[in-house]
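One chain, chain A, links the two complexes that follow: it is found with chain B in the first and with chain C in the second.
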Partner chain A sequence: MSASMSNRLLLPANDTRVLLIKWVVALLVPVVVFTLWSGESIVNAVISPQTSSLGISTDPVALLAAAIFVTVFYASTITLAGYLVAADSGRRGIIELWIDVFIFTLVPLILVVIFHDLILGLALCAVVWPVYFFVRGRVRKARHYIPPPPLESLEVLDVGERSILISRATAGGFWFGTAFAVVTLITDLVYFVTGSLPTLLLIWALIRTLVLPIAGYFLGRLAGVIALRRTLAAKGNGGNGANRVGNGIGTSLRQQLEVLSTTRAREEAKDLVPNDLPLRSTGAQRFYLILLGAFVLFYPILDPFLFGSGTDGRLANYGDAGRYVILALGLNIVVGFAGLLDLGYVAFFAIGAYTWGLIGSPQLGFLTGIVVNPQLWPWFFWPMVLGAALIAAFWGVLLGAPTLRLRGDYLAIVTLGFGEIVPIVFLELDNITRGANGIIGVYSPNFPGVLWTGFTPTPYYYLILALIALTIFANIRLRDSRLGRAWIAIREDEIAAASSGVNLVRTKLFAFGAGAFFAGIAGVYHAAKLGVVSPDNFSFGDSVIYLAMVVIGGIGSIPGVIVGALAVYAINELVLPQLDTFAADPSSVFFTIKSSIIHFAPGFTYGSVRNLIFGIILVVIMIFRPEGLLPSARRRRELHAATGGAEMGALDVVPGAPGFEEEVRVD
Partner chain B sequence: MALFLQLLVVGLSAGAVYALIALGYTMVYGIIELINFAHGDIFMMGSFITIALLNLVGISDTSHPTGLTLVSVLLVACLGSMLICSALGVLIERIAYRPLRNAPRLAPLISAIGVSLILEDLGKLWKGNQFIAFPLGIHEMFLQTGISLGPVSIDSGSILVIVVALVLMVALQWMVTRTRIGRAMRAVAQDREAAALMGVNVDRIIAFTFFVGAGLAGAAGFIYCLEKGTTIFSVGFELGLFAFTAAVLGGIGNLVGAMIGGVMIGIIEALASLIPDSYVTHGLGLPHGGSPWHDAIIFAVLILILIFRPTGLLGQRTPEKA
Partner chain C sequence: MRWMWYQEPLASKRRYELISSKASIEEAGNYPGNALLALDKATKHFGGLAAVQDVDLQVRPGEIVSIIGPNGAGKTTIFNLITCLYRPTSGDISFEGRTLVGLTPDRVVRRGIARTFQNIRLFNNMTVMENVLVGLHTHLKASVLGSLFHLPSVMHEEAEARRRAIELLSFFGTGLVERQEEYVVNLSYADKRRVEIARALAARPKLLLLDEPTAGMNEVETLEAVKYVRRLRDELNLTILLIEHKLTVTMGISDRISVLDYGRKIAEGLPEEVRRDEKVIAAYLGKASTRGEKAPVDEKAEE
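Up next is the complex of A and B:
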């Protein structure tokens, strides 16, 4: 990097107003939409449960939880506003940002509100976003868009700059709080004038109007402190944590970065403040995690506020979606990290399910004569989560061991074969597994104070939540471990990895084993939740669906795979089976389409073209967004390298920028 | 022994179908390294088109054409099915695979799975969720005539199947090894960029590969109908899976390997029906009858062979791809 670049690109202080408008508007719009949709009714229910018109339970625990959620939600959005104002380098246009915010927060929110279902809205985003990415790419290409060169934000800020950052963050929090207070006050006054607001809530509205700006001020300061912490330490790559401390970090990181490509520098720079893409910075991601965590944790209580009645059915669906998330994350280890194509992943899922099916059901008694106490035996579920996962992992290693000599797609066909054989074996060993009838009466887990039956989905929701959390944690740790780096090395270049001392056989076996492990966990959960294990749940089609989840989400990217799993689950299991129900409503667009098709094909139902629509969606997503919805940064870099030709950003100085001529001139 | 030989004949004619489908898999894999999951469904479409064409030219269950009429009717069905399937294959390549030529490796695979789902549902929409029958008159005529070699009797349907498959395979082999376009195909398979630099129109050659592969699938659809007498929309998936297995067994990317692999799978499948079925009354109703174990046996044989020959039977000996 040329040394001529200026030290720091903090905007002059009087430009703060632009930043404030930019971020207050960008954040206020989605927050207000959410508030009008249901945030307000949650608050109202907490303040005055009697006046709540929704018929929601006035259970104090639920109300307390709702209050906690509301507090966390609004406090973290205000803090986020402060952080973003402080963290923005101000080099990206307002309109560009607003379009992004619109597409990525408002569109999902509106879709969810319109379609009245969380996962359904998200699934539709999976179709909308690739089209948006595609269009954006085309527009940028047409306008010869060059991303701004990466910010050299690797130096320690001096005292003056630090105080500017703090004051910016404070202003951001304060003005966001004020603007939000004004907007909600106006809405409440309108309600009050029309007479639909009880006096108690009016008092609350007035208090809130006073409290929000003050809270905004202090939360903004907090945001400033958080942002300041980011100005010092870049996230070390791996274990070089020693660099994080002290003042010398600026130079050493700078040296490190100088040898990296500019693409890489841009990625490293996203950890820092100020930042070109503050919404994607590591600091902002912490806030998203808090918001997401609060939302997911309190979801069973929030659900009636969001969507009204029918909570149990939706929770049960989300429990199933969670199983797919675990499966997709497990498959991601094999396909995404280690790059081994696995077309028979369902086999390990089946092994996990049958393990608990055989042990945790009366079938055990029939087979072995061991009589277990059906009150106590379900406790055994907890150790068996681990046990079945280990058994599945064992089979994964067993399958992997003889087949590791195979390259690429030969491996794929062997896994496919394994995936076909396992369900057939379970089907044919009918004296053990009851064949096509399946094992029935599989025990639910047991836990003190919790009622586990098929009709109370809440415990299963929290169970799957805990399992997902465990899986994600394990995945992140695995990815960042020595083993994970070895997997990625194998994926990128097997021969180079081997010559660098990676033990191919052991590493691949671990990948198979780890992938199968999580499938086993999902299998146990599935068996316990459904209460039935039968071989028709484990077909090649299921393996293909898991693979589609991983690829659509973005191979190797953990958040991507989660989104992909939810989206594919929602499209395939929630939306498409319900199209006929939607079409029954004459006002819906599906009815119109159906009535125009039915002229040509009498007896047409959406059910008969379910796979057709799913297939079209798969093809469309792949054509518009072949790298998946949220590709991992490393993967994106690989792809750029694979397409050949240096990208613009790889030059130290972008063409057209001052200094470019000197940089490229050959003497 | 007689039973064994008889099963061998059955396996041979079934294997001819597998081999023809496997050729399409192996050609496409050889040239763009894509497992074309839609290929089995093109074969299914081929079998539907065969029956539709026969009905179109006025052949019903009761008609018994003979002589020249019979030959021309069958030719129309076979060539028509091949041509329409070829067009379908080229269309699929253009819409679903060509935009993904430089995408990550698994993207076209998912796209192929999508196309496979689309074709399957189209087949279901077209002919419904039931077995549809090849015109009974012709089918019975082929079943009842035939020759006997000692204890083994071969019906003329099987003979026709084997003959058609053989002719097509020889023609394909000739085209790939002896003609200009075959040489271009091999060049693209070996190194796409170098071939492009040598003046080969890569896009056209890839489209042509799909044209030929899908055409062979269409022919396979024709002889499948001739042999089995019925077809159903899900047949593409089932047979496609085995045909792909056959392609891998023979060494994927290798034409002769695919042929040998197909015949082997057919024979293994026929012999697997000797194994007694432990679960005759199971309710799943596998489409092509016999022992439900034979899926497991075919894959077990595949895994065994791959363990000892990791690149398939002929994968190493003739590394050229077409």
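Up next is the complex of A and C:
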């Protein structure tokens, strides 16, 4: 470490200092809140399991997992701080950024802590955030805020500037580490003085105070290297990631960006370093993915630290939520990619569930006389995940075939019919499916060393996690393939697609088949988890809910659909059924509302207006964010074409105004 | 020749070889009447309306043939019949001696006929590159499983397809190559036309149907369009059937011209002959006028 380098680190240039304050504060506040809430207790449990007072298991495997999570979490946060300092062009205001960051990190944290449930808290954010977007859009408009034009920020960095970038990132990591160390040391000292901190943990606190700045320095350098990969190099400085060479024609990324329209250039330029919105750059998104991945993977171990008792109930809920994620992703292929409105999607879910219900239960013996070993038969679950999915896909193709000549509304009506017919068929075939009683005793999966019962949701949590991962993987690959392009082409213009050589019949049937395939997977999981398959699980209402998940999340957008599925599930299945429970507590706001309503409507319960509230919430989300919570780029442009796609957020035109029709038009 | 690649299969390795357009221009001589495309009394009725009535038309390999006529004369209907968007009420349409009637539109593309549309039909919310890649659809073989697992053959094919798409775009100079990542909705009108032609070329047709390629263009753009229509024929050995309203354009580039009126062919021949034809003048200018050359240009969309 040269003298000048350490000098720059401790006394950075003026502009860097502003960036440091901006990002260290923006990241430190949520990280400290998380640490005080539960991060600290995880660390403490790992350091000295005996002293942890929460009644948390001292199982070494769990502790090791917790340790890994904590390391990954803090390391990637520090690196992220370095990256953001390096990647920021410094053209956006500090206060505005802080408000944004706090809305997007503190609000969910607070909601999660209040409601004591992860998905529940996040789902409420799905209501809060659109309103925030709307308000922000209005405020910006009132202040005549114009986002800086994009091309100015396409800075080409020479060697000197590149080394400055690295040193900035290093300073970012270092100062974030230091600030975090100081804050936590002060809290720990306060605890120690008040006597609630054992000496062992004080020693750890001192070590941590030393380690964090050093780790921050090196992680910051790493962040600098990551950021450098996304810069535009000066001419002749080859070997740079961002300097794509257009095959043979020799256009650099820079040249390409310069000829694009403002909207498109802004979309592309957000990946470059430095840029105006580093939080939204793909570089930062990598960090979010790492954090999210670590969190989701270790969640069953972290849950007791976060929320205390009741882990099993929450995990069981999350397993259900995951099933909706798969269903929504599958429906997204049909509705989002290929643009075929399907109102009977629940049929394929039912087919998947009944496939395992009939094969993976004693019912198989009653029907065929084949006697299977109930110890070994559950193993058959694994091939049957694929088998049932294929059977569902087959029916998807079969039921899709008659609808091929139909479009739009007519197609929706016919699919609606299938959604009604299939469950009725299962209901009426009572000599096979036991009719309304349903099939009971459906086997759980089998896996060595894992106990699968209804009371241990952790294996199901990991099972659904694996299935979701597979579904997402397949969705992304399909979307980017030749087939996915054909789907989108059909959605855009069927006649042009056919005249370009796309076989409409095959392509549409593939969409129905692929959609049904994933519904089949969800069905098998559902049957195995519940142990019962009965026809009342598959109603028209379910199909509509799946569609609502896709639309609210953002049609055609894979991350959007996942978020939409979780949000709708949480609102519909977790929040609304519990409103009466909440209202029982006289101190809650629901109690106040209820007692004032009951004057006018005696006998009022939240349960009786549950669907009304659900509908209102959906309408609110759609008004404030018609393109969905996390729309795909295409979709966002479609809906915001008139505004030039300047900013994410609400409509700029009031309904009824002349421009409105044009803006909300969906082809 | 510069555009040699156009006739080559997409991927160089034999294993990935695609449906190659084997029938070259020379082989085409074996068809009856030497016609690449032949309409034989093609008729299309919509209810009581005869949109196209007993139209005979031959297009020989390497020709540029224009169809002209007043609005509603049935020109676009003929294109829709050829590309099998409509099924003829009676009569036959054959390509390379084999009938097209009853095929689906995508089969027609595979047989070697690609088209553009009068009111440009691009995939607006896809990029320039993606539009051309959809045009290459018939020449890609990636299966669902291959795409899921990114098999080497699929990746190779995809890279080749992108390379070829860039080559196709570079037919119109560097402008579109540079804007390959642009959404087509943001392009200028003339550029949209070019992308549409590039998408049609991507299918590697033998016969290209252009529906009013200069509609809505100004003089300069029209002139340029005329140039590239010629280049399409000369450099890519394409046969071109063209609907055109601007008579100056038609006269300038066509080898032969067919004139339609009320769904019937009223004249056919060399540009010079057609220009002097009494029936054509009457159809275009009304019976009273006989001032041959300055025919009014119809701006309004047909259909």
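Keep in mind that, in the parts below, the second predicted complex is superposed on the first by the 597 of 667 C-alpha atoms of A that agree within 3 Å, B and C clash if a C-alpha of one lies under 4 Å from a C-alpha of the other, contacts with A are read in each partner's own complex, and residues count from 1 in each chain.
Note that contacts are C-beta pairs under 8 Å (C-beta built on N, C-alpha and C of every residue); 3 or more make two chains touch, one makes a residue touch a chain.
Just so it is clear, the structure is predicted and the values come from calculations on it, not from any experiment.
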| item | value |
| --- | --- |
| First (chain B), second (chain C), both or neither touched by A:A567 | neither |
| Touched partner set for A:A474, first chain B, second chain C, both or neither | second |
| Contacts of A:F418 with chain B and chain C, given as first, second, both or neither | first |
| Contacts of A:I164 with chain B and chain C, given as first, second, both or neither | neither |
| First (chain B), second (chain C), both or neither touched by A:A489 | second |
| Partner chain(s) touched by A:A223 [first = chain B, second = chain C, both, neither] | neither |
| Residues of chain A that lie at the interface with chain B and also at the interface with chain C | none |
| Partner chain B, residues of chain A touching it in the complex | 335, 341, 402-403, 405-407, 409-410, 412-414, 416-418, 420-421, 424-425, 427-428, 430, 435-436, 536, 540, 544, 547-548, 551-552, 555, 601, 608-612, 614-619, 622-623, 626-627, 635, 639, 642-643 |
| Interface residues, chain C side, partner chain A - complex | 83, 85, 104-106, 109-110, 114-115, 117, 121-126, 130, 133-135, 137-138, 140, 142, 144, 147-150, 154, 158, 162-163, 166, 170, 174-175, 177-183, 185-186, 199-200, 202-203 |
| In the complex, chain B residues that touch chain A | 29, 33, 35, 95-96, 99-100, 102-104, 106-111, 113-118, 120-122, 124-125, 241, 244-245, 248, 252, 278-279, 282-284, 292-293, 295-296, 299-300, 302-303, 306-307, 310-312 |
| Touching residues on chain A, where the partner in the complex is chain C | 246-249, 251, 255-256, 259-261, 263-264, 268, 474, 477-478, 480-486, 488-489, 492-493, 495-505, 510, 514, 634, 637-638, 641 |
